[in-house]
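Next come two complexes, and both contain chain A; in the first it sits with chain B, in the second with chain C.
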Partner chain A sequence: MLTARYIANDKLMPWLLSLTETRQVLAPVQAGGQTLFAPLDENSRLDLKGLADASAKAALLPRCETLFEFHYSKGEGVPSKTELEVRETLPDQDTFLFGARPCDAKGFTVFDRVYDAGTRRDIYYCTRRDKTLVAALACTEPADTCFCNRVGGGPGDTDGADMLFTPVDGGYVIESVTEKGEAFLAEQPLMEAEERKEEARKVREAVSEAMPGGDPLGGTEGEVLRLFDDKEFWGGVAAKCLSCGACSYLCPTCYCFNMTDEVNGDDGVRVRTWDNCMSFQFTLEGSGHNPRDGKAQRMRNRIGHKFSYYPELHDGNLACVGCGRCIVHCPVSMDVRAIVAQARDRALAKEEHAND
Partner chain B sequence: MASSIDDLKSAIKKALPELDMVIAWAAGPDPLSHTPLFITDEADVERIEWDPRCSQNLAGYLPGLRGKKVGIVVKGCDARSLVELLQEKLIDREDVTIFGLHCTGAVDARPVRKALGSTRGLESVAVDGGTARFTVAGEAKTLPLAEALQKKCFTCTGADAEVCDHFIGEHGQPPQVTETPTTTLEELEAMSMEERLHFWEDQMTRCIRCYACRSACPLCVCQDHCAAQSREPHWVDQTDHPREKLMFQAIHALHTAGRCTECGECERACPMGLPIMTLKQALNRSIQDLFDYRAGTDPDQAPPLFEFREEEKNIKEREW
Partner chain C sequence: MTSTDATNLYLPDMATIQEVIQETSNIKTFRITLNNPDAMRNFRFEPGQVGQLSVFGVGESTFVINSSPTRMDYLQFSVMRVGELTEKLHKLRVGDQVGVRAPLGNCFPYEDMKGKDIVFVGGGIGMAPLRTLLLYMLDNRDDYGKISLLYGARSPSDMAFSYELPEWLGREDMTTELTVDNGTPDWKHHVGLIPNVLKEMAPSAENAFAVTCGPPIMIKFTIEALHSLGFKDEQIITTLEKRMKCGVGICGRCNIGTKYVCKDGPVFTNAQLKELPNEL
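So, the complex of A and B:
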């Protein structure tokens, strides 16, 4: 890391508000008993205690994004002819995303590999990514359901972030991670904090050491794939699942989308909205056939994608960052950690059996 | 409750050989949440848990298991869902074995998690004497019920599972609360129509359209063919407008009018904590006024909107 700065607790909110003059600031704020990322203003109640209830993914991948607008009109001179006018709608807002946890920020690297992949660049995503500064906040009190340390991350990691805030006595040490973060910090009227870097490192280390252990959940691509046809396994795992999709919508790494034209009279928009593999409509074909027509197949897809298909394509990187939101908010308390562990055990037991 | 859990386990062990499975609750992935347990094997009976963390209404699984012999464990509110499912002939009485319990109230995990700070090392949860008691890492902590229980528990019409084959433990009353929190319905009633619309628009801004509210509802029978996602007909569009989302809530409320037993699952399942059961409560009041009917009480009755009468007692159509 390059630059280190310090900001005192009581200066944080005024500083964030000063940033809103030139850009949108998204931060975890309290709303109706929940903590969600929302545009900050002077009435916002900032909540930096734990993980926000929903992930920060909407900052880069909005729930509903207009890809373009269109308008039909009667052709000039030839009334029977309809003319179509299309207007581009690229995102243009500069954003400072504050208080994303290391898992949230790492979630963006999962998107980057898909939406910013060489020649296949999604301009909507990439424009947002370019216009957004990600300020991650190191965790000091991981929840029971946090397991970033088992999926290749950690409570003080910087993957996907432009800078990292670490809580220290009296305030935060801010360290830049990327050049973008460095350039931003250099312009800010903040105290130099070279001498407090060590204190921040110790805070991160202590939290990291106190995280509950457990086997890494990576490296199970082959095992999960080997269970592809194991109906009994997926049926058993998915029995209590409601197929609601709350898990996917809260997940910082789920990036599937749907595209629809929503037309009102002569005007319309093409929108891209979140989709999720736990819902029936995902892969529902025009004929009415659905290759994933039961909740067992849908669960297999969700787990398979995160722990097998995605890492196979992307150098072993998982599409799970261990935030545990899918566990906390699942109406029937499904546990993704347990499912992966069960899959591994089952596949290994089968293999042994085959070798006997 | 120690004795009732032992009684429950032995009753289930006894019944299990005649059944394809029994659905109960087991310890969950986080110390504050329990999770549904599908028992096919006697060994799993030992994993059963029963305390105020047993929130999920298991009745919703039954229509999907039709044709199987299923045992199910229910609290008072869950039993009312069962009654409704029986009335609507979505399940067959002879195939279901009901283990009924007396409930002392079900904790609302989200606010409790926040109020307790850390739940690491949480060992037990009990509700008695008007408070919720938690043991966290050997230390006793209490919360007033108004902060700890689900909202449905404050309007509970009976904490005993009325319809059952085996009643386990002692009968009792719904949780005795000295301070009842103001309900969202009461708040809304004090507002003008315009304020109400603003209230809902504000709430719906936070809706992420996951439809967990629908999927968790034991009475949502269309499920995979829901009007919310249908393109043909196109009832709601996919844009993020709060009114589109409110439109779906209106559809859900109307589809459950006269059927909703206020089991609270829609609201409990909502990851955004939106007070959506309120819409159903408002309709239930109208149903009660118009038809003198309360869902989930009598398996032999039919829900009012399932029947056609030329003239309803309380709707004086011809006198208009």
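So, the complex of A and C:
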């Protein structure tokens, strides 16, 4: 990290509000009994106690965004001829994303590998990524559903963030992670706090040490895949699933989308919206054939994608950051940690059996 | 703000329908050209690649570019009417505008196929992807060995590209066999299922490739027939279909394990298919 600053607790909200003059500030605020990332204003009630209910992914991949607009008009001269005009609509808003947890920030790195992959750049995502500063907030009270430390992260990690806020006595130590973060901090009226870096480091270390461990859930690519044809296993795992999709919509690493057109008279837009592989429609083909026509197949794809396919394609990085939102919010209490652990145990047991 | 300096993966090029051919009761062929003459002149694709066609206001769907890169007067797509977008496409007329995002996906391994005998086996609309490769090979005839085509449809009136069949049937440098499930009194070709006719034809597997495309059930039995004729999995090439959206490996819809049909496919050898998890 480059340099450190300090902001006192009572200065935080005024400072964030001052930022809203030049950009959108997204922060976890209380809304209808939930804590969600939303644009900050004077009336917002910041909630920095724990993990927000939904992830911060909408900052970079909105739930619904217009890709382009189109307009039909009557052609000149020839009345039967219609003309069509298409106009792309790129994001243009600067954003300060405050209070993303380290797992949320790491979720962006999962996106980056797919949306910003060499020659294949998703210009909407990449533009937003460029225009957004990610200010992560180190965790001091991990929930018992948190398992970032079992999937290659940690409550004080900085992957995917431009700067890290660490709560210390009286306020926060802010450390820059990227040059973009450093440049931003250099312009801010914040106190230098080189001497408090150590204090911040100790806070992070203490949280990290206190967090319950457990077997790493990475390195199970082969096991998950070896169970591919194990109908009994996936059927059992998925039996109580309601296909509601809450797990995917709340997940900071789920990035699948749909594209649809919306029209109003002669005008229309093509929008992209979050989609979800737990839904029956996701793979339904025009012929009526559906390669994933059961819950078991869909669950297998979701777990397989996060713990097997994605890591295989992206140097062992998992597409799960351990935020535990899917565990907290699943109406039938599915636990992704348990599913992966069971998959591994079952695959290993099968292997031993085969070697007997 | 709008910017056009970086390529936008999702923004279709505008194109104009130049010709519409009613192939069968539910298949129409569209010949289109890109509105931007430079884009049309510089457009490059390889046999087997696909495009996303847009009807603005309805959406996009995936279709094989079934013209040949050796004949660039227009890009040709043949569309079977099955749902919302294909229904709307079928209503369009010459001069109407569509969007096209192409080329997408991989292509037939036409370089590796040089010097080999080629057996085409197409069923119904599955003839479309074969057509592009067939035309390409006929235009580079000296590069390939014997070329045979077996094309089947439900009935004579379900045969797409009927206006081209006389030429193919008449050519000295290829063998063409047609078959239908249900014949009519004036039908002079085979009546019977494709795999059975294929076994009668008994093409040699030696130094050969077979390319097959059609409904899943037809492909399944065609591959069995090819095996019985001695074709190995590496010699059998087919194309896969999956519901696609982005077409570039991002939206996450078309994966089979780690493979994405939109970018790693749609063309696969049977040997490659056997490596994939069983989720077709």
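Just a few scattered comments:
Note that the second predicted complex is superposed on the first by the 356 of 356 C-alpha atoms of A that agree within 3 Å, B and C clash if a C-alpha of one lies under 4 Å from a C-alpha of the other, contacts with A are read in each partner's own complex, and residues count from 1 in each chain.
Everything below uses one rule, namely that a contact is a pair of C-beta atoms (placed from the backbone, for glycine too) under 8 Å apart; a residue touches a chain by one contact, two chains touch by 3 or more.
Quick caveat, the model's predicted, so the values are computed rather than measured.
Partners chain B and chain C, brought together by superposition on chain A, fit side by side with no clash. Residue contacts after overlaying the shared chain place A:Q34 against chain B, while chain C stays out of touching range. In the superposed model, A:N258 lies in contact with both chain B and chain C. Touch criterion met: A:F70 reaches chain C, while chain B stays clear of it. Once the two complexes are laid over each other on the shared chain, residue contacts for A:Y249 go to chain B alone; chain C is not touched. In the superposition on chain A, contact of A:M191 is made with neither chain B nor chain C. Using the contact criterion defined above for the overlaid structures, shared-chain residue A:D335 touches chain B, although it does not reach chain C.
The minimum CA-CA separation between chain B and chain C in the overlaid arrangement is 7 Å, rounded to the whole angstrom.
With the contact threshold set out at the top, residues 258, 260 of chain A are in contact with chain B in one structure and with chain C in the other.
On the chain B side of its complex with chain A, the touching residues are 28-31, 33-36, 38, 56, 60-61, 110-111, 113-114, 118-120, 203, 206, 208-212, 214-216, 223-225, 229, 231, 237-240, 265, 268-269, 271-274.
Only residues 1-4, 6-12, 14, 54, 56-61, 82-83, 86, 95-97, 99, 215-216, 241-243, 245-246, 248-253, 255-258, 277-280 of chain C touch chain A when the two sit together in their complex.
Within the complex, the chain A residues that touch chain C are 67-68, 70, 72, 81-84, 86-90, 92, 114-115, 120-124, 225, 228-229, 255-261, 263, 268, 270, 272, 275, 277, 282-287, 289, 291-292, 297, 301, 304-305, 308-309, 312-313.
In the complex of the two chains, the chain A residues touching chain B come out as 31-34, 36, 53-54, 62-64, 141, 143-145, 236, 239-240, 242-246, 248-250, 258, 260, 262, 269, 271, 273-274, 276, 279-281, 327-329, 331-335, 337-338.
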